[in-house]
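This is the structure I want to talk about, given as structure tokens.
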Amino acid sequence: MTSHISATAFDPWHAINDHQQQSGLDSQFGATATFIGSMRDFNDNTDVSQMVLEHYPEMTSRYLDKLELEARERWPLLDCLIIHRVGEINPADPIVLIACWSAHRRAALDACSWLIEELKHRAPFWKKETRQDGERWLEHNTDGS
Amino acid sequence: MTSHISATAFDPWHAINDHQQQSGLDSQFGATATFIGSMRDFNDNTDVSQMVLEHYPEMTSRYLDKLELEARERWPLLDCLIIHRVGEINPADPIVLIACWSAHRRAALDACSWLIEELKHRAPFWKKETRQDGERWLEHNTDGS
Amino acid sequence: MSIQVKFFASLRDKIGISDTTVDSATTAGEAWDIATDKAERPVNVLVAINLDYAQFDSPINDGDEVAFFPPVTGG
Amino acid sequence: MSIQVKFFASLRDKIGISDTTVDSATTAGEAWDIATDKAERPVNVLVAINLDYAQFDSPINDGDEVAFFPPVTGG
């Protein structure tokens, strides 16, 4: 189980693969579910050229760990990885990565889906978009649809 | 949108990354959800040393395409990738890969979860396990839990 | 008239036939009976006609491909 | 007594303070009033005491860290 904050761009597939290699759980897990949230260059009908992701460092670390722990209590997970970007983010950059490993599929799928919803509602991160008409803090998260 | 059958081992993260690079959809999608099903060396309290995956080739291709099409009708997906192994499979080998890309998270997550369930119930694949006491066809799929 | 009949996985092993042709049959069930010499049908056997799921009483036509197989276990 | 008070994101920009210390306060709301000179509280502002979500009327103690921020928008 690992969660961390990344101040620089990361390759999600590389990160997942690395984590999986190091876990030594090969042939124990039958299911891996992942979610990657990445930056779009378009929001609310407006082009977005860059984004700054601010956070409350001590509290985010604490909340990512807390979310992992809660997920493990709810589902029989073998492993879990959460990475979240902060700082200056460019279009197409991954912002958040969640990966869950379990013996059978429902645990990994349900935990992954739950983790991204909880993270979006509870972890103290804030996005500021740079648009043609200036910078703008996002006021609330989308409902996912 | 692509689905294919693979008679040889594949690296799921590499396959997803390749597909994503070639899609040209960077910075359009904000969400990527994936599911990987892989072979465990243990089932029903017994060690499993190998597995053979048989299929009904014309019908599997047809059903994977059909599932993708149905998923696209139900959710606003930007892209979708399905890969399924057949033939001789070793512990830790990926068996199935599902990846869904969408603008917002719920479409990708829900489509991914739906696709693996539908595939498990409808696509004509059959697993035969090799155990210490011989070969054995699996009689039914697990319910996921 | 020529109907191609296929059996897969454990059902093929049990029936002992992978692929055969029957000359006349009006339903999938009739094709089963002719191809297997009226072997008992396992309760959970699935039927496909021309690559789509069907029933034992579904009609078949000249040139059709009828397949019988056990519950699927992929994924 | 020393309470550390932090403001984040759009709320920090609005209030114009990132980090300050107040000498006495018994609740998070009192810490807000002292730190901001009784600025109006935006309706949806969130409160954390020692890195856990709390309420404006939650009690605070010497050495606590109180943070105020807008709805979170990460992920």
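Think of it as A, B, C and D in the order they're written, each chain with its own count starting at 1.
What we mean here is this: contacts are C-beta pairs under 8 Å (C-beta built on N, C-alpha and C of every residue); 3 or more make two chains touch, one makes a residue touch a chain.
Quantities reported herein were computed from a predicted structural model and do not represent experimental measurements.
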> By mean C-alpha coordinates, which chain is most distant from chain A?
Replying inline: C
> CA centre of chain A versus CA centre of chain C: separation in Å?
Replying inline: 48
> Using the average of all C-alpha atoms in each chain as its centre, how far is it in Å between chain A and chain D?
Replying inline: 26
>> Using mean CA coordinates as chain centres, what's the gap between chain A and chain B in Å?
In response: 23
>> Distance between chain C and chain D based on Cα centroids, please, to the nearest Å.
In response: 71
> Mind pulling the chain B residues that touch 2 or more other chains?
Replying inline: 37, 105, 116
> Among the residues of chain C, which ones contact at least 2 other chains?
Replying inline: none
>> Run through the chains and report each pair that touches.
In response: A-B, A-D, B-C
> For the complex, which residues does chain D have touching chain A?
Replying inline: 6, 8-10, 13, 48, 51, 53, 67, 69-75
>> For a test of understanding, state which residues of chain A touch chain B in their complex under the given definition.
In response: 11-14, 16-17, 26-42, 91-92, 103-109, 112-113, 116, 142-145
>> Taking the touch rule as given, give the residues of chain B at its contact with chain C in the complex, in rising order.
In response: 37, 53-56, 58-59, 62, 84, 95-96, 116, 119-128, 137-141
